[in-house]
C-alpha cells in the first residue's frame, strides 16, 4: 500500500485511507543541522528536509494554509523524487466559493491518488472509513484524562503518523497538579515534546494543547445523520468547516474556540509559540494577549536542533509569576 | 542571620549579603564573569563575608539568579532574573509598576501588579541588536569608552537609521556610515534609538508608569533619553541598576528562609 | 536646440521650475515646485535625483498629491475604496462607477522612506507587535492607526489565499483593530491537470477553468459590495468601459516600457519609470489624469529618442529589476553604479497586461487577477521574467529582497537560477530597507560588481 505523507491538519486522513492508500501525518523529528535560510520558516525547512530524506513516501500533500508551506512545495518538488500535491485550502471560510474550492481540491487529490494506484471509494466505503477513523481518534481522545500532556501529544502524533498506538503501554501518570496553562501556536517537531516536561518541571501542566499538532486541529465529530447520506459533505464540514486556525480570514473562530477552551479548562496562562519568520502567528501574539486578558509568554522557535535552553528559563519565570 | 543573593549575569557576577530579619544590605560587590562561574562566585562571596566579618556557615540561604544560576551548585535555590529584578527594583522604588532591564545579552520588560508581583513580562534574548552588546559593538567601532557614548549621542543632530535586525549586519552598516562620513554622534544616537525601539515593541500599546530602568545598560548615558522617546513616558534609572537582580535574589532568600523557619 | 536631458537634485529643480514657468509651462492644478512637498515632510526628496523634464515634474507632483486628492474626493462626497493586496483588479471595478475612488493602502509602505522615518507609522506598528521582522507594508497598519495620511476608506477589500503571509497578517491585525474588511479569495494558481479544461490567461500563464470560475465568483461578491457602496449597479456596460479605460493606461505603459527599456540611450531614469508603472495599479486616485501624465511622459521619451538623447551614458548596462524597492534612492543608485533599467517585475505584472476586451468583463477581470505572478509558483514568475529579459535584451538581473517579505526567502533563488540557466546573464540579490543610507556601500559593491560582470560579457 502506498504511503501518502502530509503535515497539514486540513488534509483528511480518511480521504486518503478511503482510496486504499496509507495516510501518514509526518511530524519532523528536529530541525536540520545546516542550511538555514533567512526568511524561511524553520518548520517548513524541517518538513522539506524530512521528506527529502525518506524513501518510504510515495507522495506528499502540502497545503496553502501558509505562504511558507505553499512555497516550500516548490522546493520539495525540486529536491525530492516524490509526487508533490499542493492542496489549495482557502483562507476565506464564510462563502460557498470557499467550500466549493476545498471540496474540489479534495476530489482533485482523489484523482491523483487513483493515478497513483488507489481506488476511488464508493460512498459506503468512504463513510465506513470515516467512521473507523473517528472511532480510533475517539479512543485516543478518551485517554486524554489519564495520560500526561506529553503522552497524549505523542499518542496523537503516533496515531496520525499511522502507527498503532498502544495506550496501555504508557506509564500511568498522576493527576496533574501544576498551574494549568495552554500551549498555543503552530506545529511542533518531535524534539519539541520536551517542552511539556519543562513546563511540568517549572510547576505547570499543559491543560490545553492548542498548537497545530494538538487537539485544536482535530476535525469535528462527524454528523452521523449526514454521514450516511453524503459522507463527502460531512468530511468537508468536519475539516474545513470546523478547524479553527490562524490563517483563516477572518481568524475569529480561532479566538472563539480558544476563549471557550480556556474557560473550560480553567487556564491561568498561555504559552504562545511561533517559528521565526512565521508572520501569521507572530502578528497575533499581542492581540491574543490583550483579548484573552491572561498572562502570555512568547517563545520563538528558531533553526536550532531541539529546543532552545533559554526557553526553559522563560518558562520558569512564567510559572513563577503564575504561582 | 544572613542571606545572600547571587546574580550570575552574562558580563558580571553580582552578590548582595543581607540581614535576613531587617533586610539591611550588609555588603555587595561584583566581579567580571568568566568560565569558572561557580568558583568566581564563591570567591566573591568569601570576600564579601570577610568584609563584614562573617563566615560561610553563617549564611542561612543563598538564592542564585541570572543566566548562569544553574551552574552555582552551592546555591540553595534558583529563581529567574525576572522575578528577582522585579523584587529588587520594587524594594528600592515601592511605586514602580514597569521595569525595563537591558543587560549585555538580553532585554526584558516586566510589568508589576499593584502589590509588586510580576504580572507579565516580555524578553528579547534572540536579537543582540536590542541589548547592551550592540552598544559594545558601536563603542568598539568608534574607539570610545562605553561610558562616553552618552555624551557623544547628546551632540547628535540627526540620528542615523540602522536597518539591520542582526548586530553582525548592523556592524557592517556602522562601517558603511562611517565611510560615508556620517558623524559618530549620529551613529551612536541611531544605535541607542534602535535598542530603545526594540524595547518599545515589547511594551506594546500600553504601559503603566512609573517606569524604572535597570541593568548595566541603564548606566550608559543617553539610553534613558532614548527609552523615554521610544516609550513616550518618563523613565527613571533604578538606584544601583547593576545590583537589582542580586538584591531581589537576596530578598527572596530572606523570605524563603523566614518561611522555612516558621514551618 | 533642446538641451540634453539630465538628472537633477531638488535644489536644481527650484531653478529649473522657474525656468520652465518662464518658458510658458502650463501646469495642472496639482503642479508647483517639488520643494513644497518637503515642507509636508517628504524629506527623502532632498536625497533623490530626478529627471529634469516637465513631464517628470508632472509625474512627481501627481504622485505626491495623491492624499490631497483622496481627501478632496471625500469632501466632494465620493466614496473611497481601500483595495488591498490584489494590485490592479478591484480599482478597475471601482473606477467604473462614477462616484467611487479607489486606492491601495499598501502604498503606505513608502511613507517611511519618503518621510525618512519621521512619520510615526513604524512606531505605531511596533506598538501593535508588528515589528521590523515584518515587511515594510506594516507601515500601512501604522498609517491606519495614526490616521495622519489617507482618509479612512468607506470600504476595505483584501485578497487572501495565495498571498504573502506578512500582508495577510498585517491585514488581519487591521481587522482585529475593528476595521471591517471584505476578504476575497484568490486561489493558488496552478497548471491545469490533463483532465481539466484549461484557460489561457493574459501574460502567458494557463490555469484550470475552475480556478477562473472561483475568482469570478469572488469578484462578483466584491462587485455587490461596490454596488452597495456606490448606490448603483456596476453593470456589464459600465465595467466594459472601465476596462477599456484601464487598458488605455496599460497600453500607454506598455509602450513606455518598451521604448525606455530598449532605446539605445536611456530616455527616462529608473526612478521615474518605477513611479510611472505604479500608476497602473490604481491610477494614483485619478484615472483620467493618469492617462494625461503617461501621455506626457511618452511624448517626452519619444522626443528624446528621436533626438538621440538620453539621461545616462551610452554604455549603461540594462538591468532587469525584480521587486519594488522600499527606498526609492536605490533606483538612483542603480544608475550611479552604471546601470539602467532594462525590464521590471514589481510584483504586479498582471496590472500591466491588457485586460481582454473580447470577453465578458467579469470573466476578463477574473482571468487577469489569476494571472498575478505572485499567486502561482515562483517558477512561473521566473519564466515570465526570463521571457521579458529576452524581449528587452536585459544584460543583468537584480532580485531586490523586501525585508521580512515571506515570498523573498526562496523565490529569489528560483528566479536567479532560471535566469542564469536560460539567459546566462549575471544576477545578484540585494535587500533594500526603507532607508538604505547605511547600506549604500554594501549595495553599491553588489551593483557595481554586477555591472562590471555584465560589461565583461559584452566584450566576449
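A, B and C label the chains in the order they appear, each numbered from 1.
Simple rule for what comes next: a residue touches a chain if its C-beta (ideal position, glycine included) is under 8 Å from a C-beta of that chain, and two chains touch if they have at least 3 such contacts.
These numbers come from a predicted model, not from an experiment.
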Identify the chain pair with more contacting C-beta pairs: B-C or A-B. B-C
Greatest centre-to-centre gap (Cα means) from chain C is with chain B
List the centre-to-centre spacing of chain A and chain C in whole Å, with centres computed as mean CA coordinates. 38
Starting from the mean Cα coordinates of chain B and chain C, work out the distance between those two points in Å. 46
Cα centroid separation between chain A and chain B, in whole Å? 39
What are the residues of chain B that contact at least two other chains? 204-205
Mind pulling the chain A residues that touch 2 or more other chains? 276, 286
Could you tell me which residues belong to chain C and also touch two or more other chains? 128-129, 133
Chain B - residues contacting chain C, complex: 160-163, 165, 172-177, 179-180, 182, 197-198, 200-201, 203-205, 230
Which stretch or stretches of chain B touch chain A in the complex? 67, 79-83, 117-123, 125-126, 204-205
Going by the contact rule set out above, which residues of chain C touch chain A in the complex? 128-130, 133-134, 158, 160-166, 168-173, 175-176, 181, 183-185, 187-188, 190, 193, 195, 210, 214, 217-218, 221, 377-379, 401, 404-411, 414
Considering only the defined contacts, which chain A positions touch chain C in the complex? 37-40, 64, 66-68, 70-72, 74-75, 86, 88, 90-92, 95, 97-98, 100-101, 104, 108, 111, 247, 249-251, 276-280, 282-287
Residue numbers on chain C that touch chain B, as the complex places them: 116-117, 123, 126-129, 131-133, 403, 433-442
